[in-house]
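Same chain, two partners: chain A is paired with chain B first, then with chain C.
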Partner chain A sequence: MLKSNLDMGNEAYTERAVASASIAELNDVSKLFGTVQAVSDMNLRIAQGEFLSFLGPSGCGKTTALRMLAGFETPTTGKVLIDGRDVSTLEPYKRPVNMVFQSYALFPHLTVGRNIAYGLKQRRPKIDSKSIDDKVTHALETVRLSGFENRRIWEMSGGQQQRVALARAIVNEPKLLLLDEPLAALDRKLRKEMQIELQDLQRDLGITFVLVTHDQEEALSLSDRICVMRAGRIVQTGTPQDLYDQPNSRYVADFVGTSNFFDGLVNQINGSTGSISLRGGRIYKSHLSGAISVGNDACLSVRPEQIRLHLSGTPETLEGKVLNRIFLGEHTEYLISQESLGNITVLAPRQSDEGLSNLGTGDTVYMDWSADAALILPKD
Partner chain B sequence: MRLYAFCVYVFLYTPIAIIALFSFSAGRSASQLEGFSVKWYGRAVNNPFVMDALGNSIFVAFVSATLASILGTLMAVGLQGIRGPVRAFFDALIYIAVMIPGIVIGIATLIALVTVFDVVNPWVASFWADAAAAPKLSMGMGSLIAAHTMFTLALVVIIVRARLSSLEAALSEASADLYATPFGTFRQITLPLIAPAILAGFLLSFTFSFDDFIIAFFVAGSETTLPIYIFSSIRRGITPEVNAIGTMVMVASLILLIIAQLILRGGAKPKR
Partner chain C sequence: MTQRLRNWLLVAPAAAWLIVMLVLPLSVVFVFSFGERAPSGGYVPAFTFEQYANLPARFTAFKNTLILAPLGTIMALLIAYPLAYQLAVRTSQRWKTLLLVLVIVPFWTSILIRSYAWIFLLGGGGIPALLASLGIEDVRLIYTPFAVLVGIVYGYLPLMVFPIYVSLERLDKRLLEASADLGAHPATTFLTVTLPMSISGIATGCMLVFILLMGEFLIPALLGGGKVFFVGNALVDLFLQSRNWAFGSAVAMMLIIIMLVTVTLYMRLISRLNVQRDDAQLM
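Here is the complex of A and B:
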């Protein structure tokens, strides 16, 4: 439902859908630790049932934002709403949200079953023990750990502990499930498996997930929407597709996927397109994204897979020398040095052309790209 | 270097070994071995004064260790949430309390209590019709328990706090996240996890109080604890009976200390 709306990428419609069914909101939220501004003027609406990720480098305030939703931190200014209610100063134990901790934080003196039952046992009025048992059994089934009730925590592997932590949270059917780098401690293979499980779980349960990660691949593959953060601020929020195709800054383009950036000066703007003159004198016409005006320093962003390689040049192509090539199966990655633009990364599909597929270190090659494939972005 | 260490150990433990050895002597002299027997142990156990003193010692040790464990744990938990200069101030006080020699504590407690009694007793008496029949505070079991509690409190705080700070903060947060009230978190998560440290603190406090002579000497008034009894009987001459009592006290203390150590070790070890 909502998900398909988001997929359509219809910005206006999506915004309205989010507004009508937002489960949580951050309104002008800032958080100061002494003099450290961990989060600044954050505004965000989290839609019912969506999978949202906070993505950003270490120390950009992702955890702090999540902890304000959980109630472990109180915003210095601004409001946190959950289900329409102002919970800015409400204690964590009174909030209808649950969190999966990076360290799992499983209770070492309780069995797996009693860890999972913990949240249910705190409820007042009391839930009868029969239905607690049923729910625990069901939660264990959901995370594929049936029969592990009586195990001790330290008898479980890292991946199993991860799933116990997940079960302990979802058994409470929270309005919002918060996950702080839940997969960071797992090895690569297990992480991939758990990512798929997380996604399935979120679809099946219909619970709103908010994930913190600094792994762009994880954010891109799991999320309905990603909120890219930098130094306590939201830089851009959008679907993975939006962020990849329409980054509003060099920072986002760099963080979501990889890209080549060529510095230059904006010399003309025409609606949503414009032109930029790069070092070396070339002028490229392209789409604009983000806040740009004529005369500004800006950069041209071209994704490695958008650059085409040729064996012979025309006046429009750029000449370069192959510095390095890495064979990746279906694709080959070239590092090409260009006299005025520096090093350029190119991801080329398997070539049918004999000459191109035999390109090696030191060979001369010519590059171009279609105007649609590049973006002029503010330089930040 | 090895030899040196060896000499130090010999020097430290020979007197203790000799006491233990001579307690099994069959003769009357405490410094001459005359055959092997456990008769002095029997004599000691059947001595009503010894048993009386032992009863007092156990009672004082148990009550003061219990009080110290409860108060010390509450203090450690309370200090947990405090940072900055206030915390540093309390930390300093606690370490100082442990480092001050027993004799200073003994004298200080004695003077403090006497001063308090001098103020309180006439005041209480003034409410009584017959001043002579008014209850009077004096040195005795109460003051002994109080003094021991004060001293061992610091031990408990240090031990429990070490355990508390090794607990992951995320555990309390997880508990709060799972709808437990602060008290619920304390009861269901914090307390079970620091229980080994509290128990170890209790045993150490018990041992300390049970073995203490110096503080007791000053504040026990007319009460006799086992160390005080041993001291006074030594003045009448050392007998193998004293050796036997000393050996028993030592073995009991050692056992408690070893148990405390094992509990602490087991509690600190991650169970994986």
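Here is the complex of A and C:
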């Protein structure tokens, strides 16, 4: 399910984004609720036709950012542009934007069909009822709810309601579709199906999607670009691959995928590489990412799948004891305790060494990784 | 204990209350309405339709009630709805409680005292005097149907505000956002989302106010000054002053019949409205 542009580098993507017109922009946008700073100094350009995700933990301001695009909140400072026009204070009903609400917000006094037709009926000039019916039928097909037109909302399950909410938005073919955790209530299988459906829809209709999620897997598999947010701020924006390979902070590395972090002190910088001395005295050379200078507290980030296990040690390897071992089919996950670095998670592929497959709790192992596989990141 | 027995025990207090407070007095009134007035006032048993034949004598009271009660209900609705809307939808949580209390505050004083205040306001020294100082002379407000209308709308407004407030308060505000998001003008949102979803509050409020207005006597007595009187005033007169219990009972029976008919028609209309709404939605 990887998209072709996943392997586009950051520069290639930026070029594309600049080349194609941006459909929406947030310029220095902040939003205060009383004393709560929900969004701070947010800057973002959303390119025409892209699939962008806001990723971040609960309460980090994702919904607020989306609501400012939809027009339900006015930025305290800064500007919101849609299609090049300043819409910071434009009423929601005048914006060419549709939203799938986190809470669905379906009309309980209307049937499923009427809910979906609602937006079409607001169009001026009017659309004739035959084409409204056709569009509604088609939208229901898309979300796999054919024949549910006359159902009442309360007769639908949570997941079905969520799909009705989705159909109610996409049927309008807006320029910008905002989705606030639209798949959160679905079971795994249906969720996967709907994710693929969303992706197809986005390609077919050419609509720009902005998706809010706190599910990193969903963000990684669907998005052209991801905005990682933290406490109202964008920490990093990039393609899924960028974020995975080049996180600019420990926070991003931790949020996008999993990683081992070893605290240390930066003692040398040489262009884009540097060295860090870890607790226990070992020094590792590695690539730098994010804002770091010599003498800073930093951390070395190593993804679990990048760590190699050996049965015998050399001076370069780290010695550890297996604490736990979880068989995951293709991979085996080890939790290894290391004297000075603490617990380390290692994800070893199945086909590795004969002896390794017999490793059990309490056994001694040796670990290393290639310099390219690790990153020195600012400690936040 | 069987389910049946338990159900009976649960229903028993309500049933007893209903029998003692409603069925018994009603039976008494029903029986009295076929009787005759004793020479010194009161009731002598008889079986005659004379009292019912005599009803046209109180035509004005029925006419006033049947005009002013529906009119008062509608006026109260028109004033209460925007108020309830403002309170439930537009007011921030912080002010809501305070403003709601202000709606109830009038209930802390008796309607009698508040109506006296209106006597002063509508009487010669009040609003007419103010208008006179502006050059509008000879405006007569007190003891007119208008004064009674003002009084009943004023008195029953809170009873209309509350059910509507509750239905609007319960309305999920995100539905209004969803409607706006789908491109609906605020007026459309009001007509297609807010109004249909508050219809139960409107129905309850109107029913409550209308039924109470049909039996009203205090406000017409004070602000109508004996010129604009309701059936309620006729009843007070017949039972307490002229002590013609038999005729009073006939008038009361007539009022009950009218109420039964109108309320039944009203219920039919409301459920028909709901059914129509449902039908319209079946595409």
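Basically, the second predicted complex is superposed on the first by the 361 of 380 C-alpha atoms of A that agree within 3 Å, B and C clash if a C-alpha of one lies under 4 Å from a C-alpha of the other, contacts with A are read in each partner's own complex, and residues count from 1 in each chain.
Assume a contact is a pair of C-beta atoms (placed from the backbone, for glycine too) under 8 Å apart; a residue touches a chain by one contact, two chains touch by 3 or more.
Here the structure is a predicted model, which means the values were calculated and not measured.
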item: Superposition on chain A - do chain B and chain C clash or fit; value: clash
item: Partner chain(s) touched by A:Ile269 [first = chain B, second = chain C, both, neither]; value: neither
item: Touched partner set for A:Asp133, first chain B, second chain C, both or neither; value: second
item: Touched partner set for A:Ala184, first chain B, second chain C, both or neither; value: neither
item: Partner chain(s) touched by A:Thr111 [first = chain B, second = chain C, both, neither]; value: second
item: Partner chain(s) touched by A:Leu278 [first = chain B, second = chain C, both, neither]; value: neither
item: First (chain B), second (chain C), both or neither touched by A:Trp154; value: first
item: Chain A positions touched by chain B in one structure and by chain C in the second; value: 70-72, 91-93, 97-99, 101, 103, 105-109, 118-119, 122-123, 168, 172
item: Complex contact set, residues of chain A against chain B; value: 70-72, 91-94, 97-99, 101, 103, 105-109, 118-119, 122-123, 152, 154, 168, 172
item: Chain C partner contacts - residues on chain A that touch it in the complex; value: 70-72, 91-93, 97-99, 101, 103, 105-111, 113-114, 117-119, 122-123, 133, 136, 149-150, 168, 172
item: Of chain B, residues touching chain A in the complex; value: 168, 170-171, 173-182, 184, 188-189, 192-193, 270-272
item: Chain A-facing residues of chain C, complex; value: 172, 174-175, 177-186, 188-189, 192-193, 196-197, 277, 281-283
